[in-house]
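Heads up, the next two complexes both have chain A, just with different partners, chain B and then chain C.
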Partner chain A sequence: MAELGSAALLVTLGLSVYALVAGAAAARLGRRRLALSAQNALVAAFFSTLVASAVLLAALVDSDFSFNYVARTTSEALPTQYKIAAFWGGQEGSLLFWLLVLTAFGALAVRLNRGWARDLIVWAVPVFAAVAVFFSFLVVAVASPFQTQPPPPDGTGMTPSLQNPYMIGHPVFLYLGYVGLTVPFAFALGSLLSGRTDERWLIATRRWTLFAWAALGIGQLLGAHWAYVEVGWGGYFAWDPVENAALMPWLAATAFLHSVMIQEKRGMLRVWNVLLVLLAFSLALFGTFLTRSGVLNSVHSFTQSSIGPWFLAFIALTVAVSLTLLFRRLPQLRSPTRLESPVSREAAFLYNNLLLLALCLTILWGVVYPLLSEAVRGETAVLGRSYYDFFLRIFGLPLLLLMGIGPLIAWRKASLRSLVTTFRWPTTVALVTGGVLVVLGAGSSVPGLVAYTFSAFVMATIVTEFVRGTRARKALGSASWPGAFHSLISRNRRRYGGYVVHAAIVLLAIGIAGSSAFDTVAEAKLKPGQSMDVGRYTLAYRSLEERQVSNATEIRATLAVSRGDRDLGTLEAGKNAYTIEQQVSNEVGIRSDRLTGEDLFVIADQIDLDGSVYFRVFVKPLVNLIWMAGLVFVLGSVIALWPDAREQRRLVARAREVGVPATR
Partner chain B sequence: MARKASPARLVIALSVAAVLAVFLLYTSIAGGGNPSIAPSELAGRAEKVRLVGLVMGPVRGDAHAGGLNFKLRDIGGGASTAVPVRYAGSVPDLFKVGREIVIDGRLRNGTFVAERGTMITKCPSKYAPKRNGDPA
Partner chain C sequence: MTEALILAALLAVVCVVVVALPFLKEPEPESDSLDELDEGERRRLELLESRDRSLAALKELEFDHRTGTISDDDYRTLVGPLRREAASALQALEREAGMPPSNEDGEGRPPAGRS
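Now for the complex of A and B:
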């Protein structure tokens, strides 16, 4: 079977090379039939990759250990869902998965847009093909998932920390996001190559970008939750290089999603948008490079492998080619309009972009700092948590504020009077909230207080917008309030979906500020029968017990929790000792308060032979808002992503109007 | 081609200036990060550093009472590169002899005294097995 897989990948490589060469030739010479054949090759490349993936998946599920990859990543006893997850768990498999998603997205994006943007498509195809050539070359020649060996009796199994339901979702979403960013990149480059530098590439890829961005966001939140409940150090994000690797393209894509609107409406920021897409795509590649090359110290340490230099070369090539092209098309990318006032919606979006980009680049600086300092000073230096936290506040808090201002401020030039009427209520709400919080004692953390005040401001603007819009629709003759509300959203999904996403970001900000700025920590070594106080909670350590389960020994300390006079039941925290893997893992105890969103988080840090346990206990206010933000984020993304034929027609019509050169 | 100066350029220029100013502010306050070094490079350095090395036994003591004592040697280096380390605070699950760890602290009287709770272990089980030539 391995031969079939290898052969299928070879076919994919051949088809991709053909799609690249034939596609480029067809576009250059204006040969329509050749261009069509290149498109078909791209579609066929998807199917051959699908065959290869099916072979690998079958081998994983059947535990065919003659596949080197299967033996290295799974074992006979591994539950089936984790055998499947091993597809993207190892390096070779994840590259194949990348290729599969890439060819699928490429084929689909080309097919969906070929009716109305043909001259763009003919150039996007060779770009897709070029990326596919790179990845199929990797899986064919450098890191093949189909290497065979004499089958060992059993595989080496999967790391216990990966045997977790999150392993099924978290990487998949991240890959969908990373790969999804290829689509806007390919169309942007296609637009530059074809010289048709109008807004159509944006319209063609709008949903793709949104999808990729939403997937990246969901993937990261899943990862954060995984870290919180399973890894058990009391946090959810540690500014680790691999976490940053996913955050950076997400920030770039966020900037792009916003600046796109300015280009659509006002024809501005054309060069900027191409640069953002290029940045997002390169950062997605860079993320894969980081996670797979082992060049940086990370808590995620993946296989150190030989694909690193290939990735660097490909990133360098991508950036060089794109920038050269961009430079050559600069005269055509001159914007017909320009910024009229620094107080306008365009300007607000521009500030948002600059802040997002600044945040993205400072993170990038932190990530590559060890490498740079090694090159310059001859020794590695690392930037710690304080560096990132500092810049998150410096750039993040103004961003939060802009989230309330940007969507409401007038286009072109906002007058003072309009500013007062628009922002009177939100500002009042924000100031009152801030005042109340100071009275309640939240002034202990200034950044926290500022974050809450800004959050109140943004929430007030969002609520105002929904109320105003719904009222207007009701006045226009909707029968009922729910009907008016529904029609409001369905008439402008991007706008109202965007507001919902903004609400999610506000929840996220409140959750992050609450759980980091206002948390309480206590540590104590307790013997059974002793108790400790944390915040308003009292924890009494009752007993320690040991249980044997199929693959591990579980040691659990039982604690009785109470708050004031109220008995809140018991909580278990302890450790699992995995027999075969010879690893120990913390199993934390978490008690979530549904009403306040507060978590009591207990780690049994050290368990002594005499039964005494060293506990670390956190009280994290509002941390559950972070996970709730995830749900709201999904809701907003779905609203914005929901197919909307009317809007698409409108955008297409406008693009036609704005003057597509009538050649060909 | 003379173009009228647009506010966009001014805005961008000012923003870049602001970002640079913030950067300077930060680096002047917080310094440029801690050096990250191997145990063999530690001799004679008094400033705070981040040590990256491999745990050598025996591991003695209690991390929550008096501190954990062990040695750390260069990854891929011999026992001659080892330095004694004292650490207090939370010990990650994966800590044991033969594992790579990262730890912050400074050298005092020949012993590397780590800051409380700074120990990080690197995931041992690379998500695939070690190959020949991989360190440890």
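Now for the complex of A and C:
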């Protein structure tokens, strides 16, 4: 069936080219039926890509090794869920997945907004189509997942570290995020192309940006937990270029989600918002380029890579076209209002934007510098963890503080007297927390102490906002306190969903500070019967066991864990030796304390033939708050994303008032 | 191979029909022009956006004042300009529509289209 897959992709390419050409012509010449036809082509492109994806999935599940891609990424013994995950696990499959999500999002965004922004959609369609042309060209002509070969007896299998349930969720969320950023980009560019620089492109894409941003955030947290439990080095984020690839567009999108509010409330930052959307989309493309071109292995592997030069050319073209258009529309994008005071909510959002952008560009430089140094000087100079950690503190801590300041300042300007009154409680809570922590000995890490103090400040502002808001809603006529709370959130989901997300970021900051600034590490080579101490824990090495599972040999060391006189049970740590892949992975042992959020993390680094094991053990205070932050983040995102029927009705009514026709 | 090619041809035909659908449904339409906004409509859209922005800002200011996030002094300083902005947008909209302006605060006529 490879022929069907190839043909379906060829159809997608044809439809995308048609949607680009016909869509652009329709928009330029003002032809209604041609514009509708281009929109239909985008929808049809989704269905033809769906057919191609179904063909590839069927081949993966059936282990049809006549597909070169299937043979390279799976094996007969690979569990079915990982065979499915191989769809996005390799280069060609992931590009097809990009295309599938892109065409789906394009068709959906057109459908959802045609009731009130039809004249804008006409210009967004060719932009969607242009991106679809690029990706469909790649999977048709450069990196096809449907190349065939005489089938080998078995495939080469999947990298052991990828054989993890997170392989099913983590990449999918990241791709949803990367591709989701195409929607604001397409509408922003459509707005520039058409000269309709009113706010409709912002409103049309607000939820899409939020969705893409939330998906990227969830994807990164899943990836962090995956690295923590599977990769086996004792951490969850290593500033690896692949991790940075997802973090950069997330930071740019975070900046946009804040600055877009300034445009909505004050009509300011119009150029800045277009620039942020362009940056977020370009970084999403750059992220895909980083992870898929082979450039991270070596600059030379990039030049030999089939897709690398194409990607770089497309990114350059995207940036050049977007900036040219932006420059042409500058007079129309001039803001009617100015920043009235450096002490105002919009100013706080602006500082937040500058810090986020500075962090984003610092990370970008950290990713690009080794590549440039290799290309120019022939040797790779890597910017290590200390570089990133330094700038995370420099930009991250003020960002954390601003999360608490922003919600309490008025739009336009705030008086000093008002600030003193508003900040009284949060500041008191923060200072008391800081003082107590110093007494408890947390002063050993100044950045950690500052992070905790700022976190207390932000959490106090969030609680204050919810309490005051609920009280006001009750006073305005809500029958009960839960009713008032519900009314508060449902009347302004973005604001209060945003506060919940801020609470998640605070939990994240506490978890990161606790587990990195206040952790304990111990290493020892033990024979069965020997023990070691780490922090308040004692670990006694009991035995070593070997067992066979379907695709690997598992070796596990069992340790008895105790704290003081209290027996805490046993823990297993070891290695898996994968037969087909001929690779060995670390399988760590983790004991979580649900009450304190602390983890005891054991790595069996080296296992000798005589049964002795070299153990590396970490005690990570509060690390589980990071994963709890993920759940709170999802909750906040869902609140903010929840459809607002009142707003939709208002937008349609506004469109009717101005004469934008209803859907035909 | 043949089966795959037949399916591929079928897919291509269906896609062509879907793409051609607007022309098949309306072979000879009364008008094939896109519904473009003219200069006046664009101006009206800007005014509506400005009106909605001011009214939303007023609503938020009122609520923040009620919760205590905004002090009485700050509220008094901020509410005036916001009311004037809203009034000015409403009056401009009325002028555009050729209607007599509402009272001097511009608060006489409820904005259309808002719930």
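Throughout what follows, the second predicted complex is superposed on the first by the 633 of 664 C-alpha atoms of A that agree within 3 Å, B and C clash if a C-alpha of one lies under 4 Å from a C-alpha of the other, contacts with A are read in each partner's own complex, and residues count from 1 in each chain.
Definition applied: a residue touches a chain if its C-beta (ideal position, glycine included) is under 8 Å from a C-beta of that chain, and two chains touch if they have at least 3 such contacts.
Because the structure is a prediction, the values reported are computed rather than measured.
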Margin query: After the overlay on chain A, what do you see for chain B versus chain C, clash or fit?
Written below: fit
Check: Which of the two partners, first being chain B and second being chain C, lies in contact with A:R33: first, second, both, or neither?
Finding: second
Next item on the list: Name the contact category of A:P370: first (chain B only), second (chain C only), both, or neither.
Entry: first
Next item on the list: Using the superposed model, determine the angle chain B, chain A, chain C defined by their C-alpha centres, to the nearest 10 degrees.
Entry: 140
Next item on the list: Return first, second, both or neither, reflecting whether A:A653 touches chain B, chain C, both chains, or no partner chain.
Entry: second
Next item on the list: Look at A:Q583 in the shared chain and tell me whether it touches chain B only, chain C only, both, or neither; answer first, second, both or neither.
Entry: first
Check: Does chain B (first) or chain C (second) touch A:Y18, or do both, or does neither?
Finding: second
Check: Least CA distance chain B-chain C after superposition, rounded to whole Å?
Finding: 19
Next item on the list: Please name which positions on chain C make contact with chain A in the complex.
Entry: 1, 4-5, 7-8, 11-12, 14-15, 18-23, 26, 29, 31-37, 41-42, 44-46, 48-50, 52-53, 56-57, 60-61, 63-64, 66-71, 73-74, 77-78, 81, 112-115
Check: In their shared complex, at which residues does chain A touch chain C?
Finding: 1-4, 7-8, 11, 15, 18, 26-27, 30-37, 40-41, 43-44, 47-48, 51, 118-119, 122, 196, 198-199, 264-267, 407-408, 410-415, 417-418, 421-422, 465, 468-469, 471-472, 475-476, 646, 649-650, 653-654, 656-661
Item checked: Contact footprint of chain B on chain A as seen in their complex -> 72-73, 89-91, 156, 159, 161-162, 232-233, 268, 297-304, 338-342, 347, 350-351, 354, 358, 362, 369-370, 373, 379-384, 386-387, 390-391, 394, 523, 525, 575, 581, 583-586, 603, 605-606, 614, 616
Note to self: Give the list of chain B residues in touch with chain A in this complex.
What the structure shows: 6-8, 10-12, 15, 19, 22-23, 26, 30, 32-37, 41, 50, 52, 62-65, 90-94, 102, 120-129, 134
